[in-house]
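One structure is given below, encoded as structure tokens.
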Amino acid sequence: MTTRADGRADDELRPITFTRGFTSHPAGSVLVEFGQTRVLCTASVTEGVPPWRRGSGLGWLTAEYAMLPAATHERSRRESVAGRVGGRTHEISRLIGRSLRACIDLAALGENTIALDCDVLQADGGTRTAAITGAYVALADAVTWLGAAGKLSDPQPLSCMIAAVSVGVVDGRVRLDLPYEEDSRAEVDMNVVTTDAGTLVEVQGTGEGATFPRATLEKLLDLAEIGTATLFEAQRAVLDEPYPGELPTE
Amino acid sequence: MTTRADGRADDELRPITFTRGFTSHPAGSVLVEFGQTRVLCTASVTEGVPPWRRGSGLGWLTAEYAMLPAATHERSRRESVAGRVGGRTHEISRLIGRSLRACIDLAALGENTIALDCDVLQADGGTRTAAITGAYVALADAVTWLGAAGKLSDPQPLSCMIAAVSVGVVDGRVRLDLPYEEDSRAEVDMNVVTTDAGTLVEVQGTGEGATFPRATLEKLLDLAEIGTATLFEAQRAVLDEPYPGELPTE
Amino acid sequence: MTTRADGRADDELRPITFTRGFTSHPAGSVLVEFGQTRVLCTASVTEGVPPWRRGSGLGWLTAEYAMLPAATHERSRRESVAGRVGGRTHEISRLIGRSLRACIDLAALGENTIALDCDVLQADGGTRTAAITGAYVALADAVTWLGAAGKLSDPQPLSCMIAAVSVGVVDGRVRLDLPYEEDSRAEVDMNVVTTDAGTLVEVQGTGEGATFPRATLEKLLDLAEIGTATLFEAQRAVLDEPYPGELPTE
Amino acid sequence: MTTRADGRADDELRPITFTRGFTSHPAGSVLVEFGQTRVLCTASVTEGVPPWRRGSGLGWLTAEYAMLPAATHERSRRESVAGRVGGRTHEISRLIGRSLRACIDLAALGENTIALDCDVLQADGGTRTAAITGAYVALADAVTWLGAAGKLSDPQPLSCMIAAVSVGVVDGRVRLDLPYEEDSRAEVDMNVVTTDAGTLVEVQGTGEGATFPRATLEKLLDLAEIGTATLFEAQRAVLDEPYPGELPTE
Amino acid sequence: MTTRADGRADDELRPITFTRGFTSHPAGSVLVEFGQTRVLCTASVTEGVPPWRRGSGLGWLTAEYAMLPAATHERSRRESVAGRVGGRTHEISRLIGRSLRACIDLAALGENTIALDCDVLQADGGTRTAAITGAYVALADAVTWLGAAGKLSDPQPLSCMIAAVSVGVVDGRVRLDLPYEEDSRAEVDMNVVTTDAGTLVEVQGTGEGATFPRATLEKLLDLAEIGTATLFEAQRAVLDEPYPGELPTE
Amino acid sequence: MTTRADGRADDELRPITFTRGFTSHPAGSVLVEFGQTRVLCTASVTEGVPPWRRGSGLGWLTAEYAMLPAATHERSRRESVAGRVGGRTHEISRLIGRSLRACIDLAALGENTIALDCDVLQADGGTRTAAITGAYVALADAVTWLGAAGKLSDPQPLSCMIAAVSVGVVDGRVRLDLPYEEDSRAEVDMNVVTTDAGTLVEVQGTGEGATFPRATLEKLLDLAEIGTATLFEAQRAVLDEPYPGELPTE
């Protein structure tokens, strides 16, 4: 018996789509959609690395997350106009960067930087997990681009795939991939970042106004495994298509 | 004989498209494309007006323009991270706000604010004129929304249509709707904002490293008239379709 | 066989001390020490609540975390001088606030705010978990103060105790309460916030350069349970002593 | 029949004065007055150029515009105290820089920078056009100074003179050089920057609450030509006097 | 025997001039000159007081000090562009405010604020003492203006006059009113703010790289008394002239 | 007859204590207490000097002062969160730096910097003078550390001792070392920084709402001499103990 507002089963993802080559300037550019949540994830390659890393011979990967002002139901204030990046934005940017650095051998890039930008065009819950999942696809495209440009010392610097999903307890039920309507009233909210090798990269679970027993944590992790398995399939399917655009020639 | 890199005649616009209802939260949401230049223009309605306008009974219209970091060929720094909005951004935001305020009777809104957000997803020259042209369509949708919500004291507060186009002198030739490749080496660069009544709202012409005789100004204005005539047709065509989404009921 | 540099067993906490009444202005003021990590946790009561909460009749609890410049081995730049709070600081401040809000009935405070300030005087790993654990004791004192001042509608607004500990994988071994020397080279790093009722408030686990199987997550959670059990005992012991200072009279 | 509050004809400028050597530290220092509008324009020479221009062998010219807090009728907030430069300030600073770069051969300066500072001591409309017109005189003095110091590879790097004037439609009449009283209620407001060779550098026309036909634009440009012709005469007259101060010896 | 570069005796001031009504918008506007040091001091009257003083029935007086970028020998960076007010600027602004609040009965103003702005047009040492001395004259004019406007509950709210002067030890000699050339190499530097009743408002003495015996302090204070006596005469002389401009009628 | 709230004679200091080695990372770390005022003063050694001093062969000494939010009776806002350092903080930081630079031969350090951080844990008046007095002890320890590390070209770069005390007029009586209760209602407030050679480094006296005759200044200086004599004894006594911690070996 289904009880979710959108008719999904508790362990069912929203429709997932990836549009590669959504814009054409960056080496990777993917519009990822988890239902109504839509995030533009780009991977730009720039020469050089941050000052603290210069001379190391190693590359770097950094990430920035942001919301367009009209992405949310009520328009939110533009952070550039406010003159500072908010705490939530900072936190998610750091999470995306850490998560994607887990799958890449930065030594293979030489002293080049990949900048991942995840800009939420429309928010309906799960923006950070959609961002991570879409950023992986953009990163894979950027790696293909770097390889074609002859900038990789190792032809395959990605050691695994990365995907993330939100899980939570809503109305006392453990559920996968929460939309805003569920997320905003969830008792427990958890984001899980995993690899296609079955290992965990990051687990962040929070009781919202409530606390939760460890048994709940286990159920949430089970559900996240189901969800990310489907996401890896979707990533693989879309990455089986050729690079969307023109590749550089060495 | 055509000499433009993209095969256009000197007085020809790039392909223009408007996608209404591109996102669903704001009252108006339009993706406008001038060739490869793509700008998401949203019009959000919020209750209340800025402090200096409170108690006037009048509404307000404000605009903010921004570029996604990967919208340009070389990734640019995110202004929220830099902690300040740059001069160019400020200038264009002000231009968009002034231009659209020229067509609306703010008294009809009561003390409500329409916030126009123009976020450049991909930049290929003419982002500010595309933004104004797209913002008009988003504004028209927001006005429809306000009417359905019973928030308008005058059922048709828009007195005219607004469109804008760039013109310039490139390779010694007067040309319409410059892409980045032409814009970056133009000798004269001009942005013209007009109404469908044939009047001017704003004219901004600049010699770039060169100065220009008044005769050139005249030719540029002639060309801008040709361009905006086509843009008004395109706006009318797309606005003939019904409101893309659900309207509020009073 | 012990292999830790400081001679501890893998499942052993560093020496834990709480000094209540460390300073005398705020309603709660606790110096917490986890070995060489020393954090001053204060709980200040102020009248009123943030604007978005006014008129609700509910109180609020907020938290700010910071490091003194000389708290770390290499002096770090003062964030007030830099003109912005860093991402890590933001993230930890938010974590502390969420964690402590999990144990308090904010309705009982009326429209008053408790501000928790956690300033790290000396850092040697685990500053955020020490801060949460110490902040609970400061909060308990502030609640006592509020009760004496006749400002509580419910005499016992704390529903449970809160403590936090770090766990991680170092040199391939699962360990409790990592000092800097271990933390800086941990393969997996996890912070666990729990209640004395045995439930979880927050779990944040991160692979650092590595990913980890779910079995490791389980072992880390087991260890965190052992650690927080000891922390709750220490909190109870110190809170059995009378309020350190003069209480207001109603 | 005169209808202007200050008794001027529609095509008449306010009294214009330039005081060269108003202060003595910068290489050029000119107090320009357009009636009650008074702007201190200085041109400072500094060694080196911005990072993005280093190694080019070319010089640079930059400009900053600001208002003293008490320059306006109502005291305005100091931008340094606000912590950010406002949009209007940014826009005018950029306009001044562009306008003056149109007359100078930056290659002749070597890697040196001329910084133009235009500080409004008293505002009565037309501050930006007064600033540009005064800045040209300060720039001419700085060029003389640079020549005396032996820092110019080309003895005359200025290819033309630059002056600017505001024109507008007030009470339905096309008028030259608007004071605040007219500017604040103008239907159309235009700033025109020209060279003494009769060419245009920048044209910025805006309908304020109204739009305007192209015929009005033509009349405004005619009037601006009349105004700048007088300004060039005044600049020439004052620059015929010797350099006000001591010149460096090579 | 005179040893000072500008020919003055050790106990001699530079030529002092006050130009009242230097600009016309603010209630008081005085250009003060101490030799080559020139500071524009304005006193603007605004309705209302800062939030923390509302409802007190008392007025307020505040001060802001700033330097134009080209006021110094080497152009200095504009603080609005830097995005923050420097420590020295802050310190002097606070000093000016404190000094002038010493002579005025703020109760007589009702809930109105006098904002003193001291903008250095040209700096040659002693800018803060010139600013205080000039600000007193601007303040006296603003008080006259307030009286004419019928906004004073006490017709004479100024209880004394305020003047300030710098003194120092240069080349082992105790000297009055140091220009930049002396100030920059002074062994001891002192700023003294006094009333015409012979009392002190503020004394700030600093050894610069050296320390100084109390006997030197005494000599410096003697010299400051001589200097301020002359400044009070000059202030009185200029204030004997009528108010420079039109006074409001009640 | 004693009239002070805390039972002290007018010329009596509060109990003074110094705790060396209060924290262990910085080369000098001293908790100084003047009664209830408690300031943590650290001296951190870092390689290199600010850009404007590079290549000079000289070292540098800088200071930063700050208050913890809960140090004052009413919690104050954190300056890092406000995004800017306040005027008072700036002013005191500069005073501490100047005062301590008076006793050290910076040439002896080579191009190394000593950063003094004075963080007020609890404020009860006189925080800046306590900070200076404690910072001297921390500096002396840092110098010992530098000597042991073989980084001093002159084994004793400190030419004198530095101590500071506040004096003031309260209830018409001249008093030493004012606590907050006296400081907040003092008619005259003065901070005096001296050397143990009997000379002055800095004198800052301010009338608070009142002005004061020179005779009062003399009495205040007499009292400050008495106070600093006792402080020098206390500094000497504590510095007679060995360095609190492990010294580097060259």
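Of note:
Lettered A, B, C, D, E and F in written order, each chain numbered from 1.
Everything that follows uses one rule, which is that a residue touches a chain if its C-beta (ideal position, glycine included) is under 8 Å from a C-beta of that chain, and two chains touch if they have at least 3 such contacts.
Molecules present, by chain and UniProt name: A, B, C, D, E, F = Ribonuclease PH.
These numbers come from a predicted model, not from an experiment.
Touching subunit B and subunit C at once are the following chains: A. By the document's definition of touch, subunit A and subunit B have no common neighbour.
With respect to subunit E, maximal separation of chain centres occurs for A (centres as means of Cα atoms). Of all the chains, the one whose CA centre sits at the greatest distance from that of subunit F is B. Where subunit D touches subunit E, the two copies mostly use the same residue numbers: shared numbers make up over half of all numbers in play. Inter-chain spacing, taken between the CA centroids of subunit A and subunit C, is 29 Å.
With centres defined as mean CA coordinates, subunit D is found 50 Å away from subunit A. If each chain is reduced to the centroid of its CA atoms, subunit A and subunit E end up 59 Å from each other. Residue positions of subunit C touching 2 or more other chains, listed in rising order: 83-85.
All chains form one closed ring of contacts, and listing them from subunit E in the direction of subunit F gives E, F, C, A, B, D. Chain contact summary for the complex, subunit B toward subunit A: residues 23-26, 29, 36, 38, 40, 42, 44, 46, 64, 66, 68-75, 78-85, 89, 115, 117, 119, 121-123. Only residues 84-88, 90-91, 93-94, 98, 101-102, 160, 190, 194-195, 197-207, 209-214, 217, 221 of subunit D touch subunit B when the two sit together in their complex.
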